[in-house]
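Next, two complexes with chain A in common: one pairs it with chain B, the other with chain C.
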Partner chain A sequence: MIEKLRRKMSNETIIIVFFLFILILVSITFTLLYGSFLSTRNIKLLFQHMSVTALAALGLTFVIIVGHFDMSFHMVGCFAGMTASFMIGEGYLPLPSVILGLLVGLIFGFVNGITIGKFNLPDMIITIGTGSIALGLGYLYSGGAFIYDNFLVSGILKINNSEWFGIPFPTILMIISYFIAYMVLNRSKYGRYFYATGDNKEIAIFSGIRVKLYIIVAFIISAFLSSLATILITSAQGVGNVKAGLNLLMPAYASIYIGISVFRKPTVIGTLFGALFTSIMLNGFTLMNIPFYFQDLTISSTMIITIIFSKKIITNLTTQKTSTVQTSDKEVAS
Partner chain B sequence: MKKISVRFGDLFKARYTLIWVLFLMIVMFSFSSSAFRSMANLLGVLRNSGIDAILVLGLTWIVATGGIDVSFPDVAAFTSMITALLIKDGFQWGPTILIALLCGTSFGLLSGFLIVHFKFPPLIATIGVSGIAKAMASLLGSGQPIEITRSGHLVDSLMFGDILGFPILFLIAIIIYLISCYLQDQTAIGQYLYALGENRKAVLEAGIQEGKILFSLYTFSALMASVGGILLTALLSSGQPRIGFAFFLSGLTSVFIGAIIIKVGKANVIGTLIGVIILAVLSNGFTLLGIPYYIELIIKGMLLIIGIVIIEISKFKRRANRIGVM
Partner chain C sequence: MASYKLQMKGIEKVFPGVKALDGVNFELKTGEVHALLGMNGAGKSTLIKILSGIYQKDAGEIFLDGKKIKIIRPEDAINSGIATVYQDPQMIPSFTGYENIFLGFESNKRGIFSRINRQKLLKQAEQLLKRFPVDIDLTKSVKQLKTVEKEIIAILKALSKDMSILVLDEPTSILTEKEKNVLFDLIKMLKQRGISIIYITHRLEEIFEISDRLTIYRDGKNVATLEVKDKETNSGKIAKLIIGEEINKFYPDKGNDFGNEVISVNGLSLEGVFKDVSFRVRKGEILGIFGLVGSGIEELSKVLFGAYPKTSGIIKINRQEVNFNSPSQAISHGIFLIPWNRRLEGVFDNQPIYFNISLSNMEKIVNLFGLVQQHKEKQIVKKISDQLKITPANINQNVSFLSGGNQQKVVIGKGLFVEANTYIFAEPTTGVDVGAKVGIYNLIRKLSRHKAVILISSDCKEVFSMCDHVIAMHKGRVTMHEDVDKVNLEDMFLKGVMG
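On to the complex of A and B.
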């Protein structure tokens, strides 16, 4: 029977079905353990929480696709979040504050992209350097103290709290960004160019693809979306905190690499699944009243176990057909 | 023939830039702060840099092979917590150190296993392992630091004592670094490290067991992080579950800054030692001048970027010269 199914469906469908099956299994387990897991309130909370991680992870996905690493996005996010909070504290309206915050993020993304894409400097070193500069600048506004001023009256809290058609606004933002990213990466020539840049830079150059441009754009997207994510965190916490974005590093990488382990290459859908999976695990365990420091343990063990299992299981499920897809996996792993 | 003698002009080459930066920093801080130039303070700087240096030794070689290990600060936090817990429960230092080293090293075994056997990218494997280590460290003290009230005479004298005026901690670090310098430059293992960083395929073709080397490197890194964690516990008389982030940035920065010194663009032990000392001098001088912690972050980031730019320019020039000759 499995043989029949395998013939009918494409590899990708098998993987998605399999992954959905595991998600449902996990959700059922949590519902049995803890009744309110599937309540509307909890699901809203889950998606609200997930959208932050998912946005940061989406930006990072672009950087991973072009074959680089970004160790600065969470620290750039901290700076952007603090910039927005500072503007709010000075009495500006939320919209210009958020725009300025995002702009600051963009500038750091641009610097990362220029140094790494155009001048070919090593990505890890540069991003750690720019990241620590960004974090240091984030401290400058208040010397590391929380910014509370004007937060309750300015309306920035609404970014997180407002709902459209019963869906929380961060989730709408997430859905829109994922839709755009999916269209760009999977349904346009630019997506091909991004993947080509990451797969083999030299061939991409000889094919006439402006590799440097795509690397710069990838880093800009990463910095922009992580800034957005951190501003969402700031809005959710109702306070300007320098360290707001620092916890994004692990979940973002975890989401992407869960996605990569499942789809054999960095994809938008894979990242979304990864973010959903880590968020469900996190939410489920939080409902069970585990202490806060188990968050890291949950995310990292979920990531490690998923990657190992999907390497074993999915290879078995799809071995007969995969020949072209698996080559990109080696590129990512190396 | 390779020339071994150092010419005067060589001292002004790009690869020695940061040594001049260190020199200038020491001179500037000595002029502007009388507290900085006191003997006790300078020895304190050396003592602190000793621990930092031990923490990042394993990382240096991992970076040299082209990998990265971000789990070392959390492994150190974990060992510091388990050491504090055991000492508090009435264990002697001997068995405590043994248990702490074993537990800490097991994290390295895990990340090595994930990287070699399951082909995880090093960054991802070590991010995962660091999450586990961080959570375990918090778990041991339920999220709180653990204080040690009795630390024993021997340990105190080791931590704060000195031989010939040098802090013992720094001397321990120097000895470990001399041994590893020998390993790196004079033995085959050291050659394999850099070969792995240069051309992985060639290494495989040459029949070198890449897996074994990587596995032992990640284990070694965790071992060194554990040693650093134990020393930290003894120095601070407490186990700290959340020291991770402070060491994360400064540790990686010192290794990458070190990669700019001596071996151009490649992480090496002497470079790392100098990098650690540069950062220790910087943070000590800034603290004494009353400059806040976050300015230090900015300066560190700039040092990294400026350093890497200098290296790239010098590489570019050298390449241009070579092409010109041909």
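On to the complex of A and C.
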């Protein structure tokens, strides 16, 4: 029976169908445990929450594609969120506040990109460093205290609350961002350059690709989208909280790696799948009144289990088909 | 019989598609330096790998001191007293010299808590070193040492295990003249101590300096064993024996219809690597550049492609001076390099064929917004793939499933997609089987009809037979620059290997 199925479908379809099956299984479990899981209100809430994770994860996907790591994006987000909050508190309009917030995010992304892409410094330690600087700067505005001033009157809350055609604005932002990212990464020449850079820098350079540029751009996109995500969180919470972005770290990485375990490489669709999956889990736990500190614990465990699972079981399932194709191309003695 | 330290008789080794060794014999006397010569693929490296236990022979016998021995694993070779030192030996860079010498043999005691007596080890290593006229600081970490010092440490490591046969695989190819002399002094000392040395090299001049006898292999067969002292042994004779008589008929015809100059290079230099290289290539012409590892030809090709910055010199394309400092700029000036190492510089092997072929000139297939017109891409790539006869013909196939020859064709296809005016081929036929070789040679000749082609290779036959104009390089200098019909193969070979 499995043999027959396997012959009919491509490897990718097997994995996607399998993944959807798990997704539905999880949803059914939550519905059984908590009836209103599938209510319109909860679905809307789910997507609103997912948008934030998905945006941060999307930016990070670019960095993962070019073969690097970004451990700073969530902390850069904190700084961007606090910058916007501070502006609101000082009485500025939402638009310039948000733009300045995004701008400081961009600057950090640029610094990451230059140090790692141009000067070849190690990505992990550099981004932990720049991220900590960003978080430190975020504290400077209020000494770590919440910023409430003008939040209710300035209109910043509308970013989260307004709806277009019944769809929450954050969800629209997510859909637009994912559409653009999909077109760039899957359909445009730039997508090829990003993937080529991450696959093998040396070959990419010899193919005439300006790898340094694409690494810099990837870090900028990561910082920009995580800043946007944190500003959305700020708008949703209605308060400037320096720690607003910190909870993005694990869900973002989990989304990407769940996506990778489905599609074998970092992709826009894979990350979207991953974000949906992590958000459903988090939403379900919230409904079940499971304390917030279980979030990272469960998300991280899920991520690691997914990685192990996809390595072990899915590779076994799929390699049987492909292994025989490999032509023997042993190096001839020189 | 007993006077031979080592005898190898009727050794055979078959690789998929190639008979690397076809009944080869080798005899080594006690206390001699015996050179192994032959072109790439002649079988000398395979023979050494069998002797050191890396490969297993398919047929034949090995005798040590007249007794038949079996070498199945590298340990067997070491236990029989056979040690091999490769060029640029692998060591643990952060460990010191003496730690590397005794790596794995630090202590006889078992157990995790048995202490390593560093003082004792250092003393032992110094005693070992004292027997030879070399001066190395054994307490320095290996990464701070020069290449020759690393090689000597590798030799000391071999000596620490009581060996009687030392195999040196092209030890001088990346050494300077001065470093080479240090190594040669050491070899002479070892010889006096009765150690037999097998010395593999491409550099003929060294043979007269260091070796007693030499054996030449060609196409997996013995050609000759000569005494170096013999008056009839000279470099001309050796060159003839290495190259062989017949030039294979599978090379395409030479060019005859030369058009305008496409690329010219004047006084090109890269400090410390190569100096004052000048040439020009016309449409319809193939320029060949022949040299060994260390001659600077690899760096030259990378300078021409913008991967390394030049120190001085002028590059002109269509008589216009151009300056570039990255491959992406070189490509935009119409230069394309089919690089040295396919796996490291040429193809993305977990990407499909079309991805690889179109990558360097996406402009050709994208619309105003940079979006790929997939239909157009597939059409052009398919045409190139058919023209090159890439198999499998499915352009969605990942490159990792292709044979070496087909992978090389993908790289060439990438070049065709770029529509450059100058193509530089670097070692285009390494790791490619004979059938695919013919295909690639014909492609290069066909390509040259409308383009300038530069073929850079350490295979002298390939350069001589394919090209209309040849340059030989030795240690960074141009030693020959002639039309191919005015030179003969032996002269070109000697200019490349001896200067």
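Convention: the second predicted complex is superposed on the first by the 304 of 334 C-alpha atoms of A that agree within 3 Å, B and C clash if a C-alpha of one lies under 4 Å from a C-alpha of the other, contacts with A are read in each partner's own complex, and residues count from 1 in each chain.
We take it that a residue touches a chain if its C-beta (ideal position, glycine included) is under 8 Å from a C-beta of that chain, and two chains touch if they have at least 3 such contacts.
Here the structure is a predicted model, which means the values were calculated and not measured.
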Partner chain in contact with A:Glu90 - chain B first, chain C second, else both or neither: neither
Chain B versus chain C as contact partner of A:Arg210, first or second or both or neither: second
Comparing the two partners chain B and chain C, which touches a greater set of residues in chain A: B
Touching partner for A:Glu163 - first (chain B), second (chain C), both, neither: neither
Touching partner for A:Arg192 - first (chain B), second (chain C), both, neither: second
Contacts on chain A seen with chain B and repeated with chain C across the two complexes: 332-334
Residues of chain A that touch chain B when the two form their complex: 69, 115, 119-122, 124-126, 128-140, 143-144, 246, 249-250, 253-254, 257, 291-297, 299-301, 303-304, 307-308, 311, 332-334
Chain C to chain A touching residues, read off their complex: 13, 15-18, 20, 40-41, 43, 45-46, 49, 55, 305, 307, 326-328, 330-332, 337, 339, 344-348, 350-351, 355, 358-360, 362-363, 366, 369-372, 400-404, 414, 418, 430-431, 433
Residues on chain A engaged by chain C in the complex (per definition of touch): 183, 187-190, 192-193, 195-196, 199-200, 202-203, 205-210, 325-334
Contact footprint of chain A on chain B as seen in their complex: 68, 114, 118-121, 123-125, 127-132, 134-136, 138-139, 142-143, 200, 241, 245, 249, 252-253, 256, 259, 292-305, 308-309, 312
